[in-house]
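For clarity, chains are labelled A, B, C and D in written order, and residue numbers in each chain start from 1.
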Amino acid sequence: MIHFDTDYMAGAHPQIMERLLETNLEMTAGYGSDDYTRSAKALIKEACGLTEGEVYFLVGGTQTNATVIDGLLAHHEGVMAAETGHINVHESGAIEASGHKVLTLPSHEGKVCAEEVSHYISQFYADDTYEHMVAPGMLYISQPTEYGTLYSLRELESLHEVCRQADIPLYIDGARLGYALGSEQADFTLPQLAQCCEVFYIGGTKVGALFGEAVVVTRKGLLPHFFPLIKQHGALLAKGRLLGIQFETLFTDQLYTRIGAHAVRLALKFKQAFIDKGYELYIDSPTNQQFFRLENKKMDELMQHATFEMWGPRGETHTVVRLGTSWATREEDVDALIALL
Amino acid sequence: MIHFDTDYMAGAHPQIMERLLETNLEMTAGYGSDDYTRSAKALIKEACGLTEGEVYFLVGGTQTNATVIDGLLAHHEGVMAAETGHINVHESGAIEASGHKVLTLPSHEGKVCAEEVSHYISQFYADDTYEHMVAPGMLYISQPTEYGTLYSLRELESLHEVCRQADIPLYIDGARLGYALGSEQADFTLPQLAQCCEVFYIGGTKVGALFGEAVVVTRKGLLPHFFPLIKQHGALLAKGRLLGIQFETLFTDQLYTRIGAHAVRLALKFKQAFIDKGYELYIDSPTNQQFFRLENKKMDELMQHATFEMWGPRGETHTVVRLGTSWATREEDVDALIALL
Amino acid sequence: MIHFDTDYMAGAHPQIMERLLETNLEMTAGYGSDDYTRSAKALIKEACGLTEGEVYFLVGGTQTNATVIDGLLAHHEGVMAAETGHINVHESGAIEASGHKVLTLPSHEGKVCAEEVSHYISQFYADDTYEHMVAPGMLYISQPTEYGTLYSLRELESLHEVCRQADIPLYIDGARLGYALGSEQADFTLPQLAQCCEVFYIGGTKVGALFGEAVVVTRKGLLPHFFPLIKQHGALLAKGRLLGIQFETLFTDQLYTRIGAHAVRLALKFKQAFIDKGYELYIDSPTNQQFFRLENKKMDELMQHATFEMWGPRGETHTVVRLGTSWATREEDVDALIALL
Amino acid sequence: MIHFDTDYMAGAHPQIMERLLETNLEMTAGYGSDDYTRSAKALIKEACGLTEGEVYFLVGGTQTNATVIDGLLAHHEGVMAAETGHINVHESGAIEASGHKVLTLPSHEGKVCAEEVSHYISQFYADDTYEHMVAPGMLYISQPTEYGTLYSLRELESLHEVCRQADIPLYIDGARLGYALGSEQADFTLPQLAQCCEVFYIGGTKVGALFGEAVVVTRKGLLPHFFPLIKQHGALLAKGRLLGIQFETLFTDQLYTRIGAHAVRLALKFKQAFIDKGYELYIDSPTNQQFFRLENKKMDELMQHATFEMWGPRGETHTVVRLGTSWATREEDVDALIALL
């Protein structure tokens, strides 16, 4: 059986495991006050071209989104997001459990469009009853999106400009950011991304770490008292250095981007094969997640030899499926998959 | 100036004021443990044809929705509602502030459709990842809707059947229920409505009371420990008898329905005049709220003599407006409005 | 039967009822945007000696506390209060339901002491692990307290000084403020009280209104976006003018203070009689609530002729009871009570 | 420098690291649906002598407490705990952030006493106003406590009996349960502990794992829909097998208890030395955490050679300190510490 379910099926990249092992017996202070964590923060700020700002490490994506959004919003505000956004669909209501409404915008293959964001905000304030409604207090986007698609630099800049004019923060969920950075179609660098938002997070769980997400606050004071908020959200790791060591490794010798590039290359390889054999793309994704609309018969057949996910409920005759790659995907498995088509 | 902004512009129906005055000097125990409250509850249960069940009195609509929904949902559940539903639009995020997500369904002139509710639920459970999503834990509808439209008895029964099959409660927001009961187009009685749902509320604020909403729980045990929840939501009135006295009055000699009928008759009168003069209906409402799409020039002209609400932002050339009536609307004011057209 | 249970047993002061009746048929805009509300706010600011600041009207005490505290605290902060404070005991967890911890301080007959507040804050920040604990983000006191006792001006100033040094707001729950202002033992004026805190509320429900509390924000910007927060907490009254009219009446010709003085005079009258007849004071209160520790036999006897409250559970041989007066208490009833002793 | 700050300063027990390494390249499904997790659950149920019930794995202690307590409480209920309980002191308000009040009981060296719990509950319901107060909905205790002390089996049984009579669950925070099981003073077994409560958790983070806590629900149906609640609380690990593998290792060949015994033996060794040299015990703890009250001069001196924690703020002349051991503590370091005394 070969596996393409998703990018968090294996453990950690071997270099990370090696470092965890090397440092295992050391005794360090808890909660991220150790030197590994300090070093990882410095490496990330450097990679992002930031001289000010802050970096925080949390454990998982849903928890990171819930904590950051809780930190950025005032009570009367909600978070704008594509209706397909992870926070609106697949977080079991974590945002609402913290008291905040997700204000949905149309999804264009997972992306929101600057004009529609701008229109939403201006229509909101044009309504005399707006104080009875939830104010758009921030914008959430994911890069890449839940559908594997990418915002171009120009799109990011436009969204950021809209947010700036409305005086609200732009927050980027980078759970799979490595697969954006590793995609040839990406026309932005990490420092450019950092300039286009107030806060973003660099996903580790899905890009080679055992777990862990690095929240980057691009300017001072945007998330005051964030440490106790992390604790309050249950997102503070006692052995905080585990996060420091992992991100230190990921941001040494560009391992993070290299992991992304490897996975994207393999995903695009089988994508091309699907296309060549006449299968239907559901979304044209340039990153490590690929979506196809398969005849049920073919899908069932493939599932005898490979694991992957149905994307939503099984359809009557056709079903949308998702196949993903990671640092752990082997070329021979991709070839085996292609042979099954 | 004549006023058609909404149905909560005047004080209370004179009979209510009279009763409040008559009883003003009496001393009674607080928090609804008085005889007036007991009597009002009995009258309401009788009017609803209920032998079991409970009645609770709260102060306002948003607070009632937030408290009931909080009481009915488990943590992992959200409330389904039309995207135009009051809880989704005009409650400043009160539902989310209590930790619950509003799961939106398409709105058909303010109404949801049983097939779409059923489809939503079945698609939800057909998705393998459903435990990562917010489960549809109840259905919220408003009768009449925010657009003045009505569910027929058959539609209510269909919705209830869908809910029953999914084993979730149906909750009806009756903020303006009197205007449904007072509409000739309504094909249901109050007891029939009570049979079609688990919980509903009978709105007082917008139907002749100074304030107050009566929550009707149609069967025992559906909302356990609701009293402390009301208190926790800040919805418990110290001088609880004020609610008892008002609802006792409203449910004596069918005052509640008579108020509704008066307002609806006057609303339909000017609606017909708008139609006759060639104005465009935005929605075909059979109740006390009427919606028209007016040329801005005409709207501005009318606003010199009458007050009413823009429904959403002012449009470029045309704007949707809402005009409402209440127990306090006078026939001569309606005639004056018609003369302005 | 004569009634001394509490101060919210009757309706409203007759002058309020009269004004509500006189204005009943007028049509005004909703949610407090009417002229009565504007006028009431101006009268209250004048009575408080405030030139800047804001006044907001809410419906009840628990709701007011929950909304104000939610507005003043950041996520990582809690509210310090006497362990006997209303928010800690009798609000069914409304503060925690909004996500905030009540940090308890020792109660000295219902009051907190400036030295202990100061000590609490300094010990908090002296603890290296303080970011894992809930920061003292504001101080809540009630004036008079839940035991009828009063803070002197000097005590208020000391508490305010401690708060100022810690850069946190002081919030005063004035549910029964009229009975402080009406007590001869009070050595402060309303403007002096307003100078001693950031936010306080002037209770209407327990001091002559049907319901209603006036939140006074003593300086601009202390509670930004408070209007949608009121709505979100379900505390926004649709017919907002009802609050405006009531407080306009209470703050005309010093009715508010006169109500307080009347009730306090009668309470002190029976208090003296209890003392003279050898009954045991539980607390020495100078306001409208009096607390005695009675033999159960005597208590049961009195309860045949008068209603009043047990303060906590019935004891084995003695029980603490509370007797209260209001604008509606008649001198003849106090004399009848005294005759029973 | 030698380290006695706490028990989460090193990585994981070598056997755990070895297993993580061995399995690192395997591909398994996410979120705990893998075979390692299934196996770990079975081992834990067996070790607990449970045939029914459920086991869930979460990442950290605060998050576990917040999620379990949120799952067990109804809205109107709070959680009783010693005033020194971790949930009341060191979780940055995580319980309140989920909407629940912590109801504090006196702490007896970290423990609550059955009589006082029983008294609290009976006094609560003896108060006529109890529906205005937060009901005691569950009992939280920690074993060992935050002060290293242990409940005897008899004490646990008494507490459980009190809870059973009140029909509320008893929940045991076992963040350091291994150090109870590894203490000779413990007079209970794991199956006996499981019989004494409804839910408890077996701490991994502080007892040899990189991170992870195993929630044991001792009977079916006590925590319905707990999986989405874990997700909602941000406590669901994507690579769930990491928890399975760690706990599988800990519950093979009694590694968990052996780790505890090792640490306790070393802690008691230096404890005896402190006593022998005339130092003052702050608490008489039989587990891996030891508390002394040191002269500041001596404390400062020791801190030149060893790291440990001040327990609360530095005192004027003396300060309470905490020293802890873990699986990673070496005998030679303990001897070095003793030599410093």
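Please note the rule applied: contacts are C-beta pairs under 8 Å (C-beta built on N, C-alpha and C of every residue); 3 or more make two chains touch, one makes a residue touch a chain.
Just so it is clear, the structure is predicted and the values come from calculations on it, not from any experiment.
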item: From subunit D, the most remote chain by mean C-alpha position; value: B
item: Contact-richer chain pair (by C-beta pairs counted) among C-D and A-D; value: A-D
item: Cα-centroid distance, subunit B relative to subunit D, in whole angstrom; value: 49
item: For subunit A paired with subunit D, centre-to-centre distance based on mean C-alpha positions, whole Å; value: 33
item: Distance between the centres, which are taken as Cα means, of subunit D and subunit C, whole angstrom; value: 41
item: Junction residues of subunit A, two or more chains touched; value: 75-76, 91-93, 97-99, 131-132, 134, 228-229, 231-232
item: For the subunit D and subunit A complex, residues of the former touching the latter; value: 3, 5-6, 8-12, 14, 17, 20-21, 23-30, 59-64, 66-67, 91-94, 97-98, 205-206, 210-211, 228-229, 231-239, 242, 307, 328
item: Residues of subunit C that touch subunit A when the two form their complex; value: 70-71, 74-76, 99, 131-132, 135, 224-225, 227-229, 231-232
item: Residues of subunit A that touch subunit B when the two form their complex; value: 75-76, 78, 89-93, 95-102, 104, 123, 126-129, 131-134, 309-310, 312-314
